[in-house]
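Listed next: structures, encoded as structure tokens.
Each of the two complexes below includes chain A, the first together with chain B, the second together with chain C.
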Partner chain A sequence: MNTQTMLELARGPIFYGALLFFIAGMLYRLVTVISLGWNKDLAKPRGDKATGVVKSFLRGGIIFPFFPREKAAYARNPIVYIAGGLFHLSLFIVVILGAAHMLVWKSLIGFGWPTLPLPIVDWMAAVGIIAMVALIVNRMVHPVMKLLTGVAEVLNWLFVFLPMITGYMMTHHMFLPYENLFVLHMMSINVLLVWIPLSRISHFMFYFFSRTIHGVEWGKRNAMP
Partner chain B sequence: MPDETIYQSMKNKGVSRRDFLKLSGLFAMALGFTKAPPFEESGLPTSLEFSPKVAEPIVRAMETKPRLPVIWLEFQDCTGCSEALTRSNSPTLSSLVLNTLTIEYHETLSAAAGFQVEEAKQQAMKKYAGQYILVVEGSIPVGEEALYCVIGGRTGEEILKEAAAGAAAIIAVGNCSSFGGLPKAKPNPTNAKGVWEIITDKPIINISGCPAIPEAITGVIAHYALFGTLPELDGLHRPKTFYGVTVHDRCLRRPFYEAGKFALSFDDEGAKKGYCLYKLGCKGPTTYNSCATIKWDAGLSFPIQSGHPCLGCSEPNFWDGGGFYQGQSAPLERPEVTAVGAAVAAGVVLGAGMAVANSNQKKAAEALKGGSK
Partner chain C sequence: MSIEPTMNLFVKKTGGWVASQLEACTRCGMCAEACPYYLATGKAEYAPIWKVEPLRRAYEQRFTLIGKLKVALGVEKALTDADLKAWSKVDFEACSVCGKCSGACPMGIEISSLIATVRAGITAAGLAPAGLVEKTEMQMKCGSPNGMCEDEYIKWFDSLEEKTGVKAPLDVKGADMLVVYTSLEIKDKRHNLYDLAKILNAAGIKWTISMDARDAFNMGSIIGNPKVQKELAGKILNTAKKLGVKQILVTECGHGFTTLRDAVPNVFGEELPFFVTHIAELLPNLIKEGKIKVKEGYFKNGHTYTFHDSCKIQRQGGIMDEPRYALKLLAGDTFKEMDSIRENGLCCGGGGGIRSIPEANENRLAAFKLKLAEVEKVGADVVVSTCDNCQLQLKDGFKHYNKAVEVKGLIEMVAEAMI
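Right, the complex of A and B next:
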């Protein structure tokens, strides 16, 4: 089997299958989690739940990222805060605003958008990779993080790191021919797509639900049962 | 093999020594020599190996080597590669035909036709058995579908196998003979194959492309004629001299790619300014060929220069490699609505099933708790 055939498989049927598994898996997770239900109010609480939700998203979207001192996690483990934040920023810029990735979205959802120049995307990719390395080192060294790290956490890290590093190598033609790296990049994406519904990386979806439900709780003024 | 050497035959035609040396220099340049190729196999004196005069080995080769017999077969092709070859610039086809080669059989170029030319081919194959170069243009249908390509009452598969048996080496010219090309595109109704899928016991060089770059064809033939060895090949049996780097790497629009300046349609401001065609589906990044450097029609232009994205025509299965105008990073297929719907339904049904199971379990646990109170 030559590289071109492998590339066709990785970009074609395997990606197709992985994507469908991802969609089915995420919906499965969503339905099971929502059907777990939430606590009903036994009496009408004071305060406004909607305001609580708005505040919750503002805290998550504006205050936490830009005012580190507001977040207890920063004081306890600044590496998680800074590297974690930079990683998410890098992910957003590369995956949404990189030209090659935009074309993937365009082919899937039918429309595209303007993208950033390659050098900016490239530097942000490098920042993301360095942040990921910092995070895993922190995990291995930090006494509390060590206790919290199991096989699933390491796999989470690995399956996210592989597409990043292969993508970076591909852009820079490092070590292997471009097509071989393209195959590796696509295969690592396929693995990640299958892995996301099975793991806590699914937080990209549940984040919004948990922020909402926390906002509701914070908005209420009542005695907790 | 013809008895007289290349140089002798040129001399007999009235080519002066000065012109002969000039031509040798041109050959050396066309083959991209900075030093001569492997000497041990070529039988030339090793003292020439580190000669600063790169034309010298060519001169010596042409003075000592007889002209090379060539048999050129055409199967499921459009003759585009032969057409391209007639526009070769260095070495030119006329120089090749008149000086370096003796083309014994070529369906398009041969003056004779019908049984006479077939007869001539048979004689040539006998006379030069084990010495001639077989050039193949076009894909070959095999098996039961071999009947889709019949020449003189015989199938292409049969003709190819017969001619390949006595060939010193096979040069597959164009994407069709290299990798199957257009005839092999899905659903491949004629069961077409490239030469290397059929013949496995001969050295094969693939000069892919649609058509192949004429200078790559003549360069490789000249290389073999002069040195008796194949040039260095890549994993797909393509000569590295011409297929060593991607079109993207040598593209004149590459700076725009780096700067993130792309044409978004064929008539927008970006297209007029000559921006990168990546978003219009250019396959340059995965396509190995020398279009961007050698170009076409004596270095006049090449597709990307004239405003069209690269189709990736020197790579296997380029017809099935996604839409020509779809970005290369995009997946080959977009999941159909029904498939996505099925996935969504499967997820929801499984989720609902799990939800019911959870709820039953919870109720059972509560009942147990209630009972134990």
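Right, the complex of A and C next:
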């Protein structure tokens, strides 16, 4: 099989298969968690739950990166805070606002959007890669993170890192012919798509649950989420 | 000993509320950086999310494909009795269920609620610390965990007349408010009864006390025994209903307050026909509404005051502004705030029943040191608190480290400053 055929496969049937697995897997996860049942809270709220939820998302998603509530805690493990934040930012910029990726989205969902100039996206990709390296080193040396890290956590890191590094090498024509890198990039994405529903990378979906719960709980007491 | 009761409890507790939060955790470790016991000792296994590990394992292995696969492949072992034994030391001896960790979690996971479930699972396996088991048995037997049985309460309530000239209002039907004390007060702060009577009478509140609802303390909540929790809280609930009160006032108990206000409605599956309040909320409101009068600046007397936020009353109870209002009024600018306050308040190290576990003494006093550092930084020589248990821990801690810091309760301060 030549590289061209491999690429066709990797960005064709294998990609669509992986994507389907991803969607079905995430739906399965969602349905199983929801179907475990939810109890109604009968306690009289002291504050407003809806306000709590809004504040929880504002703090969690928008204000948090700049003003975490437990500032002292973040200052004690700044690598998780800074590198974790930069990694997510890089992910958003490269995967959503990078021109090449936007075209993939467009082919999948039928519409596109303005993108950022390549140099910015490229720099952010590099930032993301450096952040990922910092995160894994931190995971290996910080006593708490060492305890919390098993095979699954290392695989999470690896399966996210591979698409990033192969994508970067591709744009810079590094080490291997472009087409070979493209195959590697696509295959690593396919692996990631299959892995996400099986792993904790799915936290991006459950984030909406945990942040909502947090907002409800704290809003109910009239405390700041 | 068998793991079955624990697994049953975990399965019963695992609804979407618990599962979605377990699924959201990225194992980032940030929660550790907020935990007083981890910070004070540097022991990685004291990380909040590690305290939830038995529940996570049970949930994944029972409910998720990947969890089952992990066990089948031998990547993860099924939960055993020995595991629970090990976690009993972590979840009970190095956690006050203070809830600070959830403010540090980027995902906003309510870690302390999950820890409470793990504690319940450990208790179901019969592996809770002996000190707590003993207190639980004592409360079931005589109504209070520290041996303050009915006759002691009768004497205490009777003494009200001698001290204030007013007879104790026992079981007054149709009273506005049922006041529920704690067995810590009858032991160490007997004047709370007299001081609070003075305040409530001055405010014109029709209040009552009852031998059937004499202790807000709930060992069931502390140790994680739902049956005990229900039985003890049920006594107060039924008394309040029988007397037809509009409010329950919990005096200086933290967990007793949140148990009655937030847990009881769900435990009994009914909305409460009365309002549950705490002195931290009521007293400042009485001042604000003009129902009692205090001398402004009464405590501006050369001391520096600070306020200790209790985990259950302030962070988890939401009563943060009210005591500050009262303190600013009473102590003026001699009232100073510490670094970690309100929602971010730092546990005194003595909550969650840890004071009844002798094996946890070292952890408890180590965690207190963090509080001490904040008190010293602000230069306070009086620490005010609205929780009895915190006050005992603070007194203990200052004594242990030879610090001349006084600890005061809000009830006594308001009563003293009244005009």
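Operating definition for what follows: the second predicted complex is superposed on the first by the 211 of 225 C-alpha atoms of A that agree within 3 Å, B and C clash if a C-alpha of one lies under 4 Å from a C-alpha of the other, contacts with A are read in each partner's own complex, and residues count from 1 in each chain.
The rule we apply is simple: contacts are C-beta pairs under 8 Å (C-beta built on N, C-alpha and C of every residue); 3 or more make two chains touch, one makes a residue touch a chain.
Keep in mind the model is a prediction, meaning the values are calculated, not measured.
Contacts of A:S90 after superposition on the shared chain: neither chain B nor chain C is touched.
Within the superposed three-chain arrangement, the count of touched residues of chain A is higher for C, of the candidates chain B and chain C. Once the two complexes are laid over each other on the shared chain, residue contacts for A:E179 go to chain B alone; chain C is not touched. Contacts of A:P119 after superposition: chain B is touched, whereas chain C is not reached. Using the contact criterion defined above for the overlaid structures, shared-chain residue A:R29 touches chain B and also reaches chain C. In the superposition on chain A, A:W38 contacts chain C only, with no contact to chain B.
When the shared chain is aligned, chain B comes close enough to touch A:G12, but chain C does not.
Contact with neither chain B nor chain C is seen for A:N190 once the two complexes are overlaid on the shared chain. Once the two complexes are laid over each other on the shared chain, residue contacts for A:T166 go to neither chain B nor chain C. Of the two partner chains, chain B is the only one that A:L108 touches; chain C does not reach it. Across the two superposed structures, the residue set of chain A contacted by chain B and also by chain C is 29, 32, 35-36. Taken in their complex, chain A has these residues touching chain C: 29, 32-39, 41-44, 46-47, 56, 60, 64, 68-70, 72-74, 76-77, 80-81, 84, 142-153, 198-200, 202-203, 206-207, 209-211, 213-215, 217-218, 220-225. On the chain A side of its complex with chain B, the touching residues are 2-5, 7-8, 11-13, 15-16, 19-21, 23-32, 35-36, 99-101, 103-104, 106-108, 112, 115-121, 173, 178-179, 182. Residues 14-21, 23-34, 38-39, 42, 44-45, 47, 49-50, 63-66, 70, 75-76, 100, 102-110, 113, 261-266, 269-272, 275, 315-318, 320, 339-340, 342-344 of chain C are the ones that touch chain A when the two sit in their complex. Residues of chain B touching chain A in their complex: 235-236, 246, 249, 257-262, 278-279, 285-286, 315-317, 320-322, 326-335, 339-340, 342-344, 346-348, 350-352, 354-355, 358-359.
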